[in-house]
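I've put the structures underneath this note.
Here chain A shows up in two complexes: once beside chain B, once beside chain C.
Let's turn to the complex of A and B:
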């Protein structure tokens, strides 16, 4: 990845308020979590204390607490509480590393890599989440297969195309070499049958991609 | 009174062991910055690092613990601490 880029981490629907999940982008470990007011956050998945994954922790209001020693971080990434030192006013220098984070097009996106200047947030139309799917195949293989679909275009980490079941907008998340996640959305108003058919389409795509890698 | 508003703790540490001076000094500076501790590196050689620090008492203790573990390429065998130097 060169320069700053928005990368999808999850379908927005799949990260409920008060929950967290771990994910990866090109081997960088990221915790995506949603506070109880509904704001999504993407941080390095590492407590600055002992390196425990924050995705194993607990969301408390607009804070996330590490599972290991209970260090609690506010939405700005600043440590606000160290349970072993209840009287300590924690200095602002103790903090977790944050990515730029936004929600658009039914997905949660992070600006990568860490520490780069913010770039313009993509404005995507409303979308209905279908499912996320992980493919054990390389990014180029997956991109080629998506581009075989009708009217397919890939811009940055977003693929748009028309499959047999309707238009799709798919966030493409490079997890690590040889592994890609697709976050699949479609237009509002799609029927339940259509959503199931898109799920089948995605399964077929995965089988084909993984078969091509295995061949 | 919050710990960070108590009078700053001042201490001089000497970490003895197998020390790589550049690595240890960088590690100490990083940890001091993370813990908002004032750090004065008095001397570092292959066998010992002598550091003077000032900061919130709990965080000076945390600094001692962190530096006793040290960076991966150093091995601290003994720590000497003198408070209120």
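Let's turn to the complex of A and C:
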């Protein structure tokens, strides 16, 4: 990856307020979480204490707590509580590393790589989440398959195309070599039948992509 | 009538399933903790007489001695006068049967993977964990579709025995190195399962509520 890029991490719907999830972009481990006010955050998935995964922890209000020794971090990434030393005024210098994070088009996005100034924040039209799906296939295989669809365009990490069930906007997340996640959205107003048909389209694509790899 | 007796080992996921079903149905359960590891008490003469397979859990209830996890869960759920985990509806009941069979036949790989990882029992961890990932994917696809249909659980709109039978394999998958990244629908489902009145955890399943 060259330069700064916005990469989709999850469908916004799938990260409920007060929850966290681990994910990866090109092997970089990221925790994506939403505070109880509804704001999304993307951080390095590494507790500053002993390096355990923050995504194994839990969200408390606007803090995320590490599962292992309970250190709590505020939304700015600053450690605010060390349970083993309840009387300690925690120095403001213990920090989790944060990615630029935004929410648009029904997805949560992070600016990669870590520590870069986020470029212009993308603004996508409103969309309805369909599903996220993980494919054990390389990025090029998956991109080629998406580009085979009607009116397909890939710009940055966003693919837009028309499948038989309507227009799709798909966030493409390279997890690691040989694994790609697609965050699939469609236009507002789609019925449950349509959403299920799009799921079937996505699962068929996954079968085909993985067969390509096996072949 | 005395409460059924569960011969239990806290770290065993099938024993946890039995405790979980009892807890979520309010069925009273007597526990006898067995020194499975390192004592191998479940292979003692007394236990081999009770269960020649030498496995846990074992449920003793009146004249019954049950050794198969699925039968144990069904028995406990049937003891609940409200039958809240086993609804009458025939279609839902058929779906519960299907998912219980899926658990017993196809998801057993998850338990095997976890035992290799935690207890260093012999076996091909990579292969079993990969197979578990395949099975969790089947579950993920199903719960994705259920959610679109407006159904929050495996067999229908309400929690059933199927959900409690399937839950531990997902919740414990990190014990054998399988993260939850690729399973957003199962994450949200697990969160709903955790909200069940009476829900309990076991070591390896964090209790953060």
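One rule holds in what follows: the second predicted complex is superposed on the first by the 215 of 215 C-alpha atoms of A that agree within 3 Å, B and C clash if a C-alpha of one lies under 4 Å from a C-alpha of the other, contacts with A are read in each partner's own complex, and residues count from 1 in each chain.
Just so we're on the same page, a residue touches a chain if its C-beta (ideal position, glycine included) is under 8 Å from a C-beta of that chain, and two chains touch if they have at least 3 such contacts.
Here the structure is a predicted model, which is why all the values come from computation and not from measurement.
Taken together in the superposed arrangement on chain A, chain B and chain C fit without clashing. Look at A:199: by the touch rule set out above, it reaches chain C but stays clear of chain B. Judged by the touch definition given at the top, the superposed model places A:85 against chain B, while chain C stays out of reach. In the superposition on chain A, A:94 contacts chain B only, with no contact to chain C. More residues of chain A lie in touch with C than with the remaining chain of the pair chain B and chain C. Shared-chain residue A:68: touches no atom of chain B or chain C. Using the contact criterion defined above for the overlaid structures, shared-chain residue A:131 touches chain C, although it does not reach chain B. By the touch criterion stated above, A:21 is placed in contact with chain C alone, chain B being left untouched. Vertex at chain A: the C-alpha centres of chain B and chain C lie 90° apart in angle, rounded to steps of 10. Of all Cα pairs spanning chain B and chain C in the superposition, the closest are 24 Å apart. Overlap of the chain B and chain C contact sets on chain A: empty, with no shared residue. Of all residues in chain A, those touching chain C in their complex are 10-11, 14, 16, 19, 21-24, 56, 58, 65, 67, 131-132, 134, 175, 181, 192, 195-196, 199, 203. Here chain A touches chain B in the complex through residues 48, 85, 87-94, going by the rule given at the top.
Residue ranges on chain B touching chain A, taken from their complex, read 1-5, 33-36, 56, 58-59. Interface of chain C with chain A (complex): residues 141, 144-145, 148-150, 174, 179-182, 184-185, 187-188, 191, 206, 208.
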